[in-house]
Amino acid sequence: MPQSDSAHAPLIALEGVGKWYGSYHALKNVNLTVRKGEKIVLCGPSGSGKSTLIRCINHLEEIQEGSITVEGTRLTDSGRSIDAVRREVGMVFQSFNLFPHKTIMENCILAPMRVKGMEKAKAEAVARTYLERVRILDQADKYPAQLSGGQQQRAAIARALCMEPKAMLFDEPTSALDPEMVKEVLDTMIGLARDGMTMICVTHEMGFARQVADRVVFMASGEIIEEGEPEIFFRNPQHQRTRAFLGEILAHH
Amino acid sequence: MASIGPNEIFFLLQGLKWTVALTLIGFIGGGVFGLLVALARTADHKLARRITAGYIAVFQGTPLLMQLFVVYYGVALIGLDIDAWLAVAIAFTLHASAFLGEIWRGGIQAVPKGQTEAAKALGLHYPSIMKDVILPQAFKIALPATIGFLVQLIKGTSLAAIVGFVELSRAGQIVSNQTFRPLTVFALVGLIYFLICWPLSLWGARQEARLQTASR
Amino acid sequence: MAYNLDFSVVIDRLPELLIACAATIGLAIAGMALATVIGVLGVIARRSTIKPLRAAVIAFVEIIRNTPFLVQIFFVFFALPQIGLRLNPTATAIIALALNGGAYAIEIIRGGVDAIPKGQVEAGLALGLHKAQIFRHIILKPALRTVYPSLTSQFIMLTLTTSVCTSIAAFELTSVAQKIEADTFRSFEVYFSITLLYLVISGLMMGVFGLISRLSFNYPVK
Amino acid sequence: ASLADAKARGKVIIGIQGDNAPWGFVNSSGVQDGLDADIGKAFAESLGLKAEFVPLAVANRIPALMTGKVDVLFATMGMTAERAKTIQYSKPYAGNVLSVYGPKDKKIGSYADLAGIKVGVPKSSAMDTALTAGAGSTASILRFDDDAANIQALLSGQVEAIGGNQFYGDRLDAAAKGKYEAKFDLTTLYNGAGTRPGEKDWNEAINTFLDKIKANGELKTIYAKWMKRDVPPFPEQLPDIPFTVK
Amino acid sequence: MPQSDSAHAPLIALEGVGKWYGSYHALKNVNLTVRKGEKIVLCGPSGSGKSTLIRCINHLEEIQEGSITVEGTRLTDSGRSIDAVRREVGMVFQSFNLFPHKTIMENCILAPMRVKGMEKAKAEAVARTYLERVRILDQADKYPAQLSGGQQQRAAIARALCMEPKAMLFDEPTSALDPEMVKEVLDTMIGLARDGMTMICVTHEMGFARQVADRVVFMASGEIIEEGEPEIFFRNPQHQRTRAFLGEILAHH
């Protein structure tokens, strides 16, 4: 079966990706492969293109150069390839983006029902599993506005998990949270990582990176400057810019 | 039976003159009293707020047609013999002041509370707080809605026909009764209204867009 | 002034007036319902990728908003028969009210849709939902909630506008009032009374709008 | 204002319809014209006064009179008993032959034939009153703002018949030659001048004036000019419509 | 002259002040005296009533119990006493509250002209002095939106100074600012303090408190829990709640 064949083939592969916003060159010749089960932490200064990169992976942004392949499907402008990729890849945003007019449960079952055509009862059962996993099952019937930031972000993670994606993209999932709530979200993500989820995570939580990342990727000015295992990356960064950046973050924490 | 010639067009334009005059009367009178309504509506005085709220509810809850009628003949009925012009001016002023008062109340309340507090902390008093600090900001916020109402008012002046004003719509009706071509005449009348209202609407939309980019 | 107010003519014909009130409310509700539908469909059309469709919606909105309702209803009544579409006065009134209210509703609802944070759409896309599904399940309800106050005050105006439908002989409150006035020449009494009736009608409408809002937008926001 | 007041100020303020040719209307030059205007002018002259016209709409002619904005109304007012409870009519000065008009190929010979069909009338007009009385319960009567809309409704097929006055024939012919005709006469309705109830001075002055122009042929001239026909015979009295103040 | 007599009498005195928002008891029996030239730093957890306290001093809020006296004028509901107090006391807000439709210069001359009846030329001269002092004279003709946060806050300080108040109230003047701008505003305030301005300042900038405060006042749940000289206050807080609070702030900084 091709499935088992590709177990060691990359789940996500970016090759020579170039992206422009108008005339602004936001991503420059980006190459990145993520194998199944790998956890990547993406870091870099503000404006370096981290968000752009992960948004390109599920086609929230179009690329102009190179190719992006997810589970063997090459992402083109065709609706079908976009659908296929989005079904395999879940995404969690900095600002949660829960739907305010739906309860947490309704947030979770919307896509399984509409996209996968799942029955309501089935979708709710799935949702309960994942809400349990992020430990907010007791909040299922509340509306987003009734939850704390940390609970909202965990609900957003559960919502993405309900589509049972093969990989998850996180864009600074803790940076809009009050300090007390950061930990509960990071713990949830660590749990996911332990269970073998493939993850690309933009974050500056270096403790998290040390604990779970297989590789840390450092971007600046739209390019990947350097990547490596966390221990090596943090102890002995190769590039001047990486050193400057790490110096700055560590000073703040 | 007449056809639609230069005479008829000229007659319509004569009507247009009154349309414009009525609009101006309503807008200016309504502007002055609307300001008072807006101030009373946002005042600390509870009774003032209540009364203006009732006033606004009545004028926003009844057709302009009825307002014109009730004011025009009601005033006469209680024994005041007033000129038609004055009656219409009063009716449009009352109508417009309720709407503009409500629009500007919204504008005043949209100015952040900190502005009033800062002004108070500087020792400014109510008239200066309003005139120098709050109203200039409130008018800017309320400009698109104000222009929207102006368009509404232009169209609304057509109802002054009930008290005998031969403004654009009524002129159209008269011409249509002479020429027996209501369709053509009303198309023409509609076109004239459109040519006056549309530029205003576009201007309002532009102000709104500007306001939105400014607040981003 | 020698004139003595005598409301007995109004009281005598109260049943007729109340039926007329019901007719006015009926016209208003039908007009509002259709206007809402036109509003939503119009917003969808305005957001479509088909340029002529967008242009048509814009033209429709601008023409309606910048001409008096009287002219519009005349057209529906007298011009449509020329292309073979003959509607009775009540149907004409409803259609004219719906078109008029719809044009305003398009603009109002569009504002609400524009105010939806981009992140909501992106979250929908990331979950694999399609554009239509996102509009239907994610955008529509919060957008309507945002604009609900403007929409309902527009609908109150629509209710009051039904009085103009008397021009094409539709049966509603103003036409009955004019009939009673013509029969009896009791102008003051009639007009005072129906002004009051309109006030009651719009008060009722506002009450119902409040109720609808409480029932359908019952989710909390910050 | 009383007659004496009017004499003091030197003019009579006359309410007239603004848009009901050929009775009373504002012509394209913005001047009052028509049968009512000519009679009004003659009335003012008979008193040695100037006439000032106030153009009114159907909806506001009564209030204008009642609130004293005008002294008298020559405003194409059909005389009915019901209305006479509110205003004081003078003796009749014009007669209005009202008929039902319809397509030539349709058989309409009486009120009975109107059952179940749509009939248009100008709102608050004499045709309205007559048709409502005759067929109000069987036909569906649509009341339009004015003659133009009423005629347009017939032309566009929105109604199958209309109630009209003696001028409708010409107008229908002009719009669609040979397609429509007068079907049957409804009634002859008489127009009288209106004054405030109880005001003897005005009522008497008008009646005196009307008697005079009926006798000296002046009415005949004016009538011929606008109505293009002879003055009809006027009844000495109408049931429940007093011509003089009691 | 009473003026010189009262040189050592309190400039601001609160006695047994009680304040309710509806049924919520926001200030409880607050006693505080501020002598001329004294600098007070007010701190305490969120919701403890710090803003409420200083807003009461210039009657942005009414009190229901006790009395507030400023320069011998007892603050009552009478317009005259409120006017007198507001003329003596300047206030600077967290969110600057500059008037957006007026230039910085116009912001500065409005109150002197309207309240003191000063001539325009005179008011502008005064404004120039204070704008110079907060070092933004070159920005005088710009509108608030064209300035950085730090510049805006300094403009707000200059605007308050233009009324030549005897005391200044600051409500978290730096907490809406980006970190780079905090220092320029603090420096301005330090300068003011050096020149002998009487100040009550709500802030959590403990460095500032150490450097300029004569007394630090700690509030919790609407009460003044403890007060003292900064060195003593920080080294050896008497109350458990003060210790807990200080522990928390210092951990963050």
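Annotations
All chains are identified by letter, namely A, B, C, D and E, in their written order; residue positions are counted from 1 within each chain.
Keep in mind that, in the parts below, a contact is a pair of C-beta atoms (placed from the backbone, for glycine too) under 8 Å apart; a residue touches a chain by one contact, two chains touch by 3 or more.
The shown structure was predicted, so the numbers you read here are calculated from the model rather than taken from an experiment.
Without subunit B, contacts among the remaining chains split them into A, C, D | E. Any chain bridging subunit A and subunit B, meaning touching each of them, is among C; the list is complete. Farthest chain from subunit C, judged by C-alpha centroids: E.
Seen from the Cα centre of subunit B, the chain whose own Cα centre is farthest off is A.
Taking B-E and C-D together, the pair of chains sharing more C-beta contacts is C-D. Look at where the CA atoms of subunit A average out and do the same for subunit D: the two points lie 83 Å apart. The mean-CA centres of subunit A and subunit E are about 46 angstrom from one another, to the nearest whole unit.
Computed from the mean C-alpha positions, the centre of subunit B lies at a distance of 36 Å from the centre of subunit D.
For this pair, subunit B with subunit C, the centres built from the Cα atoms lie 20 Å apart. Multi-chain contact residues of subunit A, defined as those touching 2 or more other chains: none present.
Those residues of subunit B in touch with two or more other chains are numbered 69, 73, 77, 182-183.
Subunit C has residues 1, 3, 74, 78, 187-188 in contact with two or more other chains.
Shown are all chain pairs that touch, namely A-C, B-C, B-D, B-E, C-D. Taken in their complex, subunit D has these residues touching subunit B: 18-21, 25-30, 54-57, 59-60, 63-64, 66-69, 145-149, 151-152, 170-171, 174-175. Subunit A contributes residues 58-60, 83, 86-87, 89-91, 93, 95, 97-102, 110-111, 114-115, 143, 145-146, 156, 159-160, 163 to its touches with subunit C in the complex. Those residues of subunit B lying in contact with subunit E across their complex are 112, 114-115, 117-125, 128, 132-133, 136-137, 140.
Interface residues of subunit B facing subunit C in the complex, by the touch rule stated above, are 57-58, 60-67, 69-70, 73-74, 77-79, 151, 155, 158, 169, 182-183, 186-187, 189-190, 193-194, 197-198, 201. Per the touch definition, subunit C reaches subunit B in the complex via residues 1, 3, 5, 62-63, 65-72, 74-75, 78-79, 153, 156, 160-161, 163-164, 174, 187-188, 191-192, 194-195, 198-199, 202-203, 206.
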